[in-house]
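Each in structure tokens, the structures are laid out below.
Both complexes below contain chain A, partnered by chain B and then by chain C.
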Partner chain A sequence: MHAVTEDEEKWLAAGITGLQQNAFYMHRALDSNNLKDALKYSAQMLSELRTSRLSPQKYYELYMRAFDELRKLEMFFREETKRGCSVVELYELVQHAGNILPRLYLLCTVGSVYIKSKEAPAKDILKDLVEMSRGIQHPLRGLFLRSYLSQVSRDKLPDLGSEYEGDADTVSDAVEFVLQNFTEMNKLWVRMQHQGPAREKEKREKERSELRDLVGKNLHVLSQIEGVDLDMYRETVLPRILEQVVNCKDEIAQGYLMDCIIQVFPDEYHLQTLETLLGAFPQLQPSVDIKMVLSRLMERLSNYAASSADVLPEFFQVEAFAKLSSAISKVIEAQDDMPVFGVVTLYSSLLTFTLQVHPDRLDYVDQILGACVKKLSGKGKLEDNKSRKQIVALLSAPLEKYNDIDTALKLSNYPNVMEYLDDGTKKEMASVIIQSIMKNKSLISTSEKVEALFELIKGLIKDLEENLLELDEEDFHEEQNSVARLIQMLHNDDPEEMLKIITTVKKHILTGGAKRLPFTVPPLIFNSLKLIRRLQNQEETVADEDASATPRKIFQLLNQIIEALSSVPKPELALRLYLQCAEAADDCDLEPVAYEFFTQAYLLYEEEISDSKSQVTAMHLIIGTLQRMHVFGVENRDTLTHKATGYSAKLLKKPDQCRAVYACSHLFWVDDQDSIKDGERVLLCLKRALRIANAVQQMANATRGSSGSVLLFIEILNKYLYFFEKGVTQITVASVQSLIELITNEMQGENSTSDPTADAFFASTLRFIQFQKDKGGAVGERYEAIKL
Partner chain B sequence: MASRRRMLLKVIILGDSGVGKTSLMNQYVNRKFSNQYKATIGADFLTKEVQFEDRLYTLQIWDTAGQERFQSLGVAFYRGADCCVLVYDVNVMKSFENLNNWREEFLLQASPSDPENFPFIVLGNKVDIDGGNSRVISEKKAKAWCASKGNIPYFETSAKEGFNVEAAFQCIARNALKNEPEEELYLPDTIDVSGGQQQRSTGCEC
Partner chain C sequence: MNYLIGAFKPACHIAVTFSDGKTRKQVPLKKENGQVVMVPLFHSQENIAGKISIEPVSGKKVEHNGIKVELLGQIEMYFDRNNFYDFTSLVRELDVPGEIYERKTYPFEFSTVEMPYETYNGVNVRLRYVLKVTISRGYAGSIVEYQDFVVRNYSPPPPINNSIKMEVGIEDCLHIEFEYNKSKYHLKDVIIGKIYFLLVRIKIKNMDLEIRRRESTGSGPNTHVETETLAKFELMDGAPVRGESIPIRLFLSPYELTPTYRNINNKFSVKYYLNLVLVDEEDRRYFKQQEVTIYRAESS
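Coming up: the complex of A and B.
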């Protein structure tokens, strides 16, 4: 292959040298007005174009050089005619050139001058030239010669308003000339396919592909002829082109030329001749890539429809949708073995078209999806990547157009199409749907829609059948977080409907399995709690006995949902959620419910949470929540506080014990609850904490030979001060005083370890006491008794 | 001989699909405009006579396909260009961003002898659309780019309304004229002029 290219370069270089050599002598002849020599050398120069050794692109390079030289010759000819030389004679004279190829190039060049001179009608000269060109039957050379003819005649066609327009119907002469040239060029081009040995088929097809624009150019020329109005296009131009395209029975030519027709002629023409144009498709060779061409047509028309609302009536008037839709069915029917990708591409283009032209016709959209489903059925899940991408594009289009999931949910065939996706793509599509909802802040407000939506995104909601692939952890988190956000967005002002929504979501997420529940349960709980808060505000006014959406009912639901986490298991998360629910139940004055949630939390603590760090965290959550509860009667509260202090004292690490125990002191003294003012038990807790702190010190002495930090004592001191300030009589000045002394002694003791944190903490505690003393008033008086 | 060469000025119009290359040429040469989009296939030219200082020149204006798939034969026609016109649509960002690609592609393929000083001209077309409200490239931004590429002259045009088209092509012609073409100096081998020629020709007798 490499050697061939090298040879070709050599041949091209040789051709250029030969061409330049003769051009040099031609220039000399031109400068000395020597017509005879000019003709001789130009003919020799053009002989270089007789080569058969160059590929089309290399030949084109050579041709362009000859082309430039011929422009100079053309100017010379024009000057000659001004000097009195007859152009008719010139036209005869050049025909004496020995070889036919140079002769025809020269003839075309003079022909151009001839037309300009207007000594004969343009149409006659053009007709003569296009017919003479038949003399070259070698495809490559013929194509370039005819392209030369097309080029030099381009501005001399007897078009409307052109200076070469004759008196009679000359536009049709111009059209006839171009069509004839086009037909001949296409024949030459197609013939190439059948020349040469079979083993060079690939090379030949590459060469043909390079040459295609020479043929297609004619269609561009036709589209630029002003006289080609819609009528002429419909009556003559299009049928003649299509006739040639269909009859040539050549795959490459058909695919390319159909594309050309679509691109070079205006949208209005396509719309008005849609039937004729589409009628050609089923007649093309089965191997032609019809889907590509048809998609481009639809893409073009979609863009046209998008350009202005004013053009839409044109589409309605010609029933463009019906025509395209039926053409597509016919093509798909005719090409039974069309790959799925092709089918989906076609429907996808039609869908884009429909969304653009008939945004109000959801039935059309559904119809297209339905047709797609019909074609997909029996094919099983899509395996190839291209088809999958195309389906995602197909399904994304309505979302993008309507910016509203509601509309997509109305499309009955939408979920049916999704059924043909493999699990990975289903997930991808589900993410697209959720993103669309997020982006547009779409409100999904009925349980029916939620049901449909969750059915659509089930790829994210539960494990599908063949979910064998191990998913990247990060991707999984991201996708489940998006589901969580979606759950948060569901809302209906009507509590009854909202409850239905919650029930629906519950049903779906409970199928999600251990990995998903930790992501999906919390948002559902919190969304439900939002509903409870709404009801709790309303309940004073509306006391609807029959309503099912009562806080009590919802709490039952929540209990079940949280319970699902036990299968994960995720006890820490479940405990937090139980406590959240308990607080909400507290606000609703539902003592038994709140008690039940606490019980659940305690059970989890006892049975599931065994890690000591988690226990500490859980304990503080329990104490904090319990402290805020108002709803409990003495009995329930006693049970729960008793348990809490018990758990606290049994934590593994002594410092943890100590802290939990002194935190428990708050359970017995709550500012805004008169019933909870039990100074005795506050003191008991603090004393117990002190004992534990002492034990910690002793343990430190025993194990490390130095006393531990006094931090715990300082913390306890702060608790003493808190309750002292609150006026808890059991907390006496003496007890505070002795605690301060204890800490001071410990810090100065021989075995004490220096601890800057403790030092600073203690110092600031003392500063606080001093500050309170200085403040005066009732507080100041209390503190006055404490000696520093 | 040289004078005959200098009477012809070759201009190449490049730019993305749909920016209005064909329309600009048609407006300038034929004073006609059509709103309809028609893709161009391959490359071809129209000519127009222009007068400068009492001399008549022929502008050979090459219109090209913006869509790559309609440029199957390559760009041999760039050769010998005297000026290159880069067109973009002021309403389409991508078409502006692609100017650099078109410029570099031209310099690479046409390989003019003095690429630094080869005359380019930039046209920002379709300024008429929506009264200029939909434009996404400001005149300032376009001019800044032109300045950064060696002070390329810049015109805002409307092929539809004929706005600035004449002025732009005047400038194109003037700059094309300034371009000193590398006349490929060919000196024939005086010893043997046509010896090898016949042997090289092969193929049929046409």
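Coming up: the complex of A and C.
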């Protein structure tokens, strides 16, 4: 191979040298107005183009040099005719050349001058040139000669409005000329494929593709002819081009030229001749990449439709969808071995088109998806990446267009298409769907839709069979968070429907397994609680006992959902959720329900939460929640409070105990509940806390030789002050006073450790007392008794 | 113009002038020595008239036994040199025996001379027309002067001029159909035609159209045939496929053709052929030769 290219370089160099030499003599002849010599040397110069040794690329190099020289020669000819040499004679004279290739190059060159002179109608000269060019049957040389002809004639066509315009049929003449040249060029181009040894097929195909633009340029010229209106395009231009394309039976030519047609002619024409154009596709060779071409056509039409609303009626008028759709199925039928990727690409393009042109025709969209499913069925999951990407594109298109998942959910075939995706892609698609929902803040408002939606995104909802890949933790969180967000977006004003939605979601998320539940349960719980609060607000007006959407029922549901978390296990989370529910039940005045939730929370606390830190947190949550509950009767409340205090005292670390215990004091004194104003027990709690704080001090002394922080005392002091201010009679001035003294002593004690936090806390506590004193009024009066 | 051919020493100058010499068309004529001279052009049945002036050299007198001018049409075969066949011979006596002392001019005229054949310079044969002035002298030898002229005769356009159309081929290998628009062409004519490929199983490299001239001289066993290719005109470059039709347009004017001459005075014939040649990639030649008649049309 290497030697070949080297040789080629040599041949090219030799060709160039020969060409330049003769060009030099030609110039000399031109300078001295010696026509005879000019013709002689130009013919010799052009003889260099008779070589068969160069590849298209190298030949092109040589051709371009000759081309430049021919421009000069043409100028000379023009001047020659101005000097009185008859152009007709010149036209004959150049035909005396014995070798055909130089003769025809010269003929085209003079022909150009001839047309310019207007001594004969352009159409006659062009016809003659294009006819005479048949003498070159060598593909490469013929292509370049005809390309030269096309080049010199393109500004001299007898087009409408051109200065070369002829009689009534002038446009036909122009078109005829270009078409003929195109046809002949294509034939030559196709012929290349069949010449030479079979083993060089690849090389030949490469060479051919290098030459394709020479052929395609003709179509471009055709598209530039002013006079080619829609009628002419429909009646003559398109059928003639297609005839050639179909008949040449050449894969490369067909693919390229169909694409050319689509690219060079106006969209409006395509639309109006859709049937003819599409009719050609099934007739193409099976190996032609039709999907690419058709996709581009649809892409163009889509863009055209998008360009202006004014053009849409045209689409309806010509029934563009029906035609495209049937063309696609025909093509797919005809090309039995078309890869899945191709099929999907085609449908994807059609879908894009439909969305653009018929945004209101969901049935079309569904039809396309259905057809796609039909084609995919029996092929199993898609293995190759390209097809998968295409399907994702296919499925994303309606989402993007409608900005509304609602619409996609109406498409019955949508999930069917998704079936053919592998798990990874399904997930990807699910994310796309969710993102679309988020972006557009679409509300999913019926349980059927929710059902459909969750069916679509089930890749995220549960483990699919073959999910063996270890997932990146972060990705997984990201994914599940998006599901969580999605759950939050579900809403319907009608509680009945909303309940159904919740039930549906529940059904789906419960399949999600231990890893997903912590993400999916909370949003569902909160969304349900929202519903409960809504119902509660309406309750006065709607007292429909038969309604299924009663808070009670919902709470039952929630209970089940939270229970699911125990399998995870995520007791802390479950506990929080129980407490949330309890609070909601409290608001609904559903004592038994609230009690049940508390019971569940306590059970969790007892059985599942063993970590001391978690216990502390849980304890404070329980206390905080319980404190706010007002639905409980004395008995229930007693039980729960008793339990809570009990738990508090049993915490592992003393400071934790202390804090929990003093927090419990709040359980016995609730401002807005007259029934819960038990000063005795408040005092009891605080005293107990003090005892524990003392014990802490002593332990510190024993273990470290220094008294521990007085922080706990100051905290307890603050509790004292709180209840003192609330007017709990059991909290006396003396007890406050002694506590302050105790703290002061401790802080000044010899083995006290300095603790700036404690100092600051104590100082601000004292400042608070002073402040309250100064404020005067009822509270101020109470504080007055405290001496600092 | 011409001086004293055949005289030992120039005793006098003989000059022939034509009465319409200034207006008559002159054409080039190649002489035996390769020189090209311009000579007047006549057609058959024209009057050939003019003057012959004889001027003795520097005061010498020229004695003679009479002066005559002959118009000769001769055919000369190169293999039979110096043997002329005069197919036309006309004589005019210009002077009775006497002496010439000074320049003397004689008018002459041959009226409506029949000159059926055209001047021709071939490979093996020459046909010429000449005016021969002879000053007869007894002992000193005659003084002879020649003046060539060219005769060309126009033919009317042939009343029947069919196209040549023919299908030829080699079985299962190559079948073509070709067509030339006429069978008779004038000298400045254009051959228009086409070649249609019905079957192509060989790899053709190119196709040429040749114009061949066949000159045959003598007769019977002494016939000499000489064929020259006057034109080689490439019609096609590359290998066509079935169904291709290749145009022919060949201008005859650049080539030095003569009309077809058939059996001129039983001495020679000149015929023209179009030879269509296809060359394949192994340089094998496939050809088909067709005679065409060339004639001289009035305007050319």
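Assume the second predicted complex is superposed on the first by the 722 of 788 C-alpha atoms of A that agree within 3 Å, B and C clash if a C-alpha of one lies under 4 Å from a C-alpha of the other, contacts with A are read in each partner's own complex, and residues count from 1 in each chain.
To be clear about the criterion, contacts are C-beta pairs under 8 Å (C-beta built on N, C-alpha and C of every residue); 3 or more make two chains touch, one makes a residue touch a chain.
Since this is a predicted model, take the numbers as computed values, not measurements.
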Please work out whether A:72 is in contact with chain B alone, chain C alone, both, or neither, and reply first, second, both or neither. first
For A:134, is the partner it touches chain B (first), chain C (second), both, or none of the two (neither)? second
Is A:599 touching anything from chain B or chain C once the two structures are fitted on A? First, second, both or neither. neither
Between chain B and chain C, whom does A:100 touch in the aligned arrangement: first, second, both, or neither? both
By the touch definition at the top of the document, which applies to A:268: first (chain B), second (chain C), both, or neither? first
With the two complexes superposed on chain A, say which partner A:92 touches: chain B (first), chain C (second), both, or neither. second
Between chain B (first) and chain C (second), which, if any, makes contact with A:191: first, second, both or neither? second
In the superposed model, which partner reaches more residues of chain A, chain B or chain C? B
Contacts for A:154 in the overlay, against chain B (first) and chain C (second): which applies, first, second, both or neither? first
Identify the overlap between the chain B-contacting and the chain C-contacting residues of chain A. 50, 99-101, 135-138, 141
Interface residues, chain A side, partner chain C - complex: 50, 92, 95-96, 98-101, 103, 131-132, 134-139, 141-142, 191, 195
Within the complex, chain A is touched by chain C residues 204, 206, 231-241, 244-247, 249, 251, 253-254
Please output the residues of chain B touching chain A within their complex, sorted ascending. 1, 4-5, 7-8, 22, 26, 29, 32, 34, 36-42, 44-47, 60, 65, 67, 69-74, 76-77, 79-80, 184, 186-189, 193-194, 196-197, 200-206
In the complex, chain A touches chain B at residues 11, 14-15, 18, 20-21, 23-25, 27-28, 30-31, 44, 47, 50-53, 56-57, 60-61, 63-65, 68, 71-72, 75-76, 99-101, 135-138, 141, 150-151, 154-155, 209-214, 216-217, 219-221, 223-224, 226, 259-260, 263-268
